[in-house]
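Per-chain residue numbering starts at 1, and chain names A, B, C and D are given in the order in which the chains are listed.
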Amino acid sequence: MDFIAKAVIIGLTEQAPLVLAAMGMALIYNLSKVINVAFAETITLGAYFAQWVNVFFGASFYLSLAVSGILAGALSCATYLVVFRTAERRGVGAVEVIIISLGLSVLLRYALQFVFGYEARFFETPPPTFLKLFDVGFTSFQLTAFILVVVLALLFYLFVQKTVWGRQVRALASDADLAKVSGINPLLTTLVMWFMAGAAGGLAGAFWGVASSAKPGLGWDRFLLTLLVVLVGGTRGLRGVILAGMGTGVLLSALKLEIAPLRAEIVLLVAFILVLKLRGNRFRELAKV
Amino acid sequence: MSAVWDFLFGSPAFLIFGTYTLMMIVGLGILLHLQLGVTGIGNFGVAGFWGAGLYSFGILQVHYDVGFWLALLAATAAGGVLGVVTGWVIADLDDDGVLAATLAVASIVFLAIESERGITGGRVGLGTIDFPFDVGERTDLAWLAILFGVTGVLLWYARRVHRSPYGRLLIATGTNEPLARSLRKPAKRTKVGVMALTSAGMGALGGLYGPIVHFLFPTQLTVAITVSVITALVLGGQQRPLGAFVGALLTVGLFDIVIKLYVPLPRDLLEHAFPVTKQVIFGALLIFVLLFRPLGFLGRMRRETHVKGLTRV
Amino acid sequence: MSEGNGQGTEGGAAAPGRAVIRIRGLTKSFGDQTVVHVDDLVLGAQPVEGLIGPNGAGKTTLMRLIMRSTRADTGSVTLDDGASEVALSKLAPHRIASLGVVKTNQVTQDFAGLTIWDSLLLAVAQRRDERPHRIYRERHLVERYGEEIQSYLDVFEFSEPGGFAHSTGEKKLLDLIRCLLLNPKILLLDEPTAGLPEDVTAQVIELLRAKVAAGMSVIIVEHDLDVIWGFSDVVHFMAEGDVILEGDPDYIRAHSTVVEKYLGSGHV
Amino acid sequence: MFEASGVRCGYEDIDVIKGLDFSVGEEVFAILGANGAGKTTLLSAIAGLLPLSAGRIRFGGETISGLPPWRIAAMGLGFVPQERGVFGDLTVLDNLRVGGLVARQARGDRIDEIMELFPALAGLRNQRAGTLSGGETKMVAAGRALMQDAKLLLMDEPTAGLSPLYVENFFDRIRQIHETKQVAIIITEQNATKALEVADRAMVLSLGEATTITDAKNLTTDQLRKGYQI
């Protein structure tokens, strides 16, 4: 019981941003059918944007969050318009689009160092108080961050599920042709969606960043896990992504309580690969021959 | 005349090391060409297969005093086994699944090396590894000649594959797997086979890299090497055996040899701005090439003339 | 279940030497919609068999179930050559093709990277030709099969036989030739002449007739019913996922059930 | 209100529709033909999903060929595709609301109207459309198109694969929609008898060409059999 409680608390507080990031990436994946490697950089830049607003303007962390979300969303839209839309219109193949997004990821990861410098950048936040639950220590800041992530994830979920725009996004993802003949303008809807996805990624980055620092590899280091959560949970919609994200966090912290952290990550990756392998078999019906 | 010689080979150690790297990228690029350009398997974990070979070789040489040939064989086998497992996993995954699985394989190799310090040395490193022979001052040049030879053999093989029924099977499997299956072709086995073969090659190249660096660190296996290989191949032309060679000259050759050694850049610039700029250019090249010239510098696979010629046999 | 047989057809027994496909209890549903529900059906007993029926009757799905490019929910498909019976419904698609059951495609399929000659050499190449170490095998392949391939290319006019297939029509013909090069025992044709000009359609049918005379069986789905009426020995009429009527073309053409299923009961 | 002249269209380089001229007024217009005749292709082209290789389509006095599908939809043309007529991931209510994006005023009233037209849907409001039965799916698909406040409704084989009892009922609804809502309807059908019961005029399509265009009641069995090649 104690073990489970520990695993859950550590897993959720440490990996809460993962859920937010995965929701953003899943939205792009479901609608544009694109695995966007450069989403890693949306996450990274989210951290940098928030850090910049926080330190340069002396704004509170919460205000920097809002600005960071908007900037990351705008960046996401820009990458869609400049790169992915062009690829779509030129009929570039699926593997090639992945490589293009890899190129974009590398480009952004290094270009941002020209702007923000080569060194890691730290946030200026008031010193936190330390709390304890079930023998697990965490800071008051981690707690607020966790609550904020939960609220944001919920808002994000409600936006997609309950609003007019969310409905258009889902309709377009469900069947693009039918959406078009129903009067949905695909470009506008797609842009709204890339903005939301970017904002989610940026906010996740800001939360990760404030927990350590904003550095160029921040998003890339977490990309693989985010991708696996999206691929495994994404087949069941946003709810699946949320569950897979939380499950991953808890599983990882449970493993880390038992075995060395690096080995825990290996076990987690192997588990994901096996799930992918088993899931792959179910998609063979799509063959057209 | 001797001024030219001095200019070119004034710092032979750097030039030789740069050329080693170049040859590695070309070799891995040719193998990736068989995976990506021919069979359509987007392998984003090149560093993992190569690293598995490198570390198998290193561990056997350092800890168990295994001879060069046996260690090289083990490196090849390590790449091959990893290739079989990866091939089995990705055989019926779509491109997104292949991306995730290959990235995960590379990540697992990296994590395993970092975590199993007892045999890999972890971040402290593993060494030293020496050349299997010693011909005095020119040993490194001799090793370079061997690398040239190996790369040449890989290139020759890739070109022959293009002209053989096997290559056709790979292209068919890559471009339309269900159709290939309907024509009696065992698509799954073909994919596992090509992954085994090419990954074994990557493992072998990893083994050959051991003596070059003498000391192994996990940081040698980051995604940077995968990105370099992909960039070189895509830029040169992913569908052509020579693509990786041309692309590597234009990227690694230009940046890591020509500019680094022969352009007098301030030290500060060379340390920070230069590598960053290089990566920015690599990323931009990947995007532009795939958007506007998807088949790279060399263009489309040459099939027409070759088959026409054959019909007259 | 067959409502009745027309003149001169026997449902079950295979003509000597002619392999047949036996289908038992085969069902396939998408969601709550049962697309195929065939209790007992033998295909290929006659040299040329047509498969027709109104929209959504399940013709294409039935063919894809036989080739296992789609999985059945229940039931079995076997290949019976008189001496032994092999369960196709347990084999991988490439094994089915190896046994001589081959299908052309309704939606045009091609290998983007392969020229016409490439594509045809691919079709004839055997497993042993395609091993990774056989990198000098090409010459053998061309010597062994070159003339056969050329003979097909002599029948149909391709704008650039040494290059890539350009139009949909060329790709469609290429698809057919690839299948014929596998020397199938039973060839399933899914709308082989859709989109082809009339003279080419005639060439296709003529070539198929020659192949049939040499022992190949043909099962054909075609929307141009004039092709069906003129080419088939037996016609299977499918509706609502099952073959409900079998008989020779004239019998089917005049049958009230067929008219009703196509036009509705008011026009029988 | 609707006019097609010299229409040719198809996939890649093959024209499935090989030159069609016809016009539709305030009526129910049936397009009949066997499979492969090109009925689905034609409707997709009218809805703007498929470019014409030749010819022109006018609707409500404006040329719509060449316009993107969402613009055509906004002009009051509703399309009910044969397959995949609903958003499977969305609930029934959300499907209807998506249809209501075009004409937002009085959307709630129209949802009520549709629930009256298809009472079976009332209890299924919050069910995912992908889990519905074939007949219910068709109702949702038609309802979604009606939510667009369409002046012309294209229905592609709305009863294919459905049980006879349901077919009867659905054709009644089609007539009802036409009469109460003053919607012109183009309906494709293979089963001529049923379609001719509700249609004012009919066109028989055979391998991409019109063999007959006439008043529904004048269409003879011979004309049909010729078009269907039986």
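As a convention for this text, contacts are C-beta pairs under 8 Å (C-beta built on N, C-alpha and C of every residue); 3 or more make two chains touch, one makes a residue touch a chain.
Note that this is a predicted model, so its numbers are computed, not measured.
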Starting at chain C, fewest touch steps before arriving at chain D: 1
Starting at chain B, fewest touch steps before arriving at chain D: 2
More contacts between chains, B-C or A-D: B-C
Most remote chain, CA-based centroid, reference being chain D: B
Inter-chain centre distance, chain A versus chain D - centres from mean C-alpha coordinates, in Å: 41
For chain A paired with chain C, centre-to-centre distance based on mean C-alpha positions, whole Å: 48
For chain B paired with chain C, centre-to-centre distance based on mean C-alpha positions, whole Å: 44
Distance between chain centroids, defined by C-alpha means - chain A, chain B (Å): 31
Of all residues in chain A, the ones touching two or more other chains: 284, 287-289
Residues within chain C bordering two or more other chains: 67, 69, 93, 103, 105, 109
Overlap residues in chain D, where contacts from two or more other chains coincide: none
Of chain B, residues touching chain C in the complex: 157, 160-161, 163-166, 168-169, 171-172, 174-176, 178-187, 193-194, 197, 239, 301, 303-304, 307-308, 310-311, 313
Footprint of chain C on chain D - complex, ascending: 10-14, 16, 34-37, 130-131, 133-134, 157, 160-161, 190-196, 207, 221, 224-225, 228-230
Chain A-facing residues of chain D, complex: 47-49, 68-70, 72-74, 79, 81, 84-90, 94, 97-99, 101-102, 144-145, 148
Parts of chain C lying in touch with chain D, wherever the complex brings them together: 31-33, 54-56, 108, 167-169, 191, 194-195, 223-226, 229, 253, 258-259, 262-267
Residue ranges of chain C touching chain B (in the complex, touch as defined): 67, 69, 92-94, 97-98, 102-103, 105, 109-115, 117-118, 121-123, 125, 127, 129-132, 134-139, 141-143, 146, 150, 162-164, 178, 182
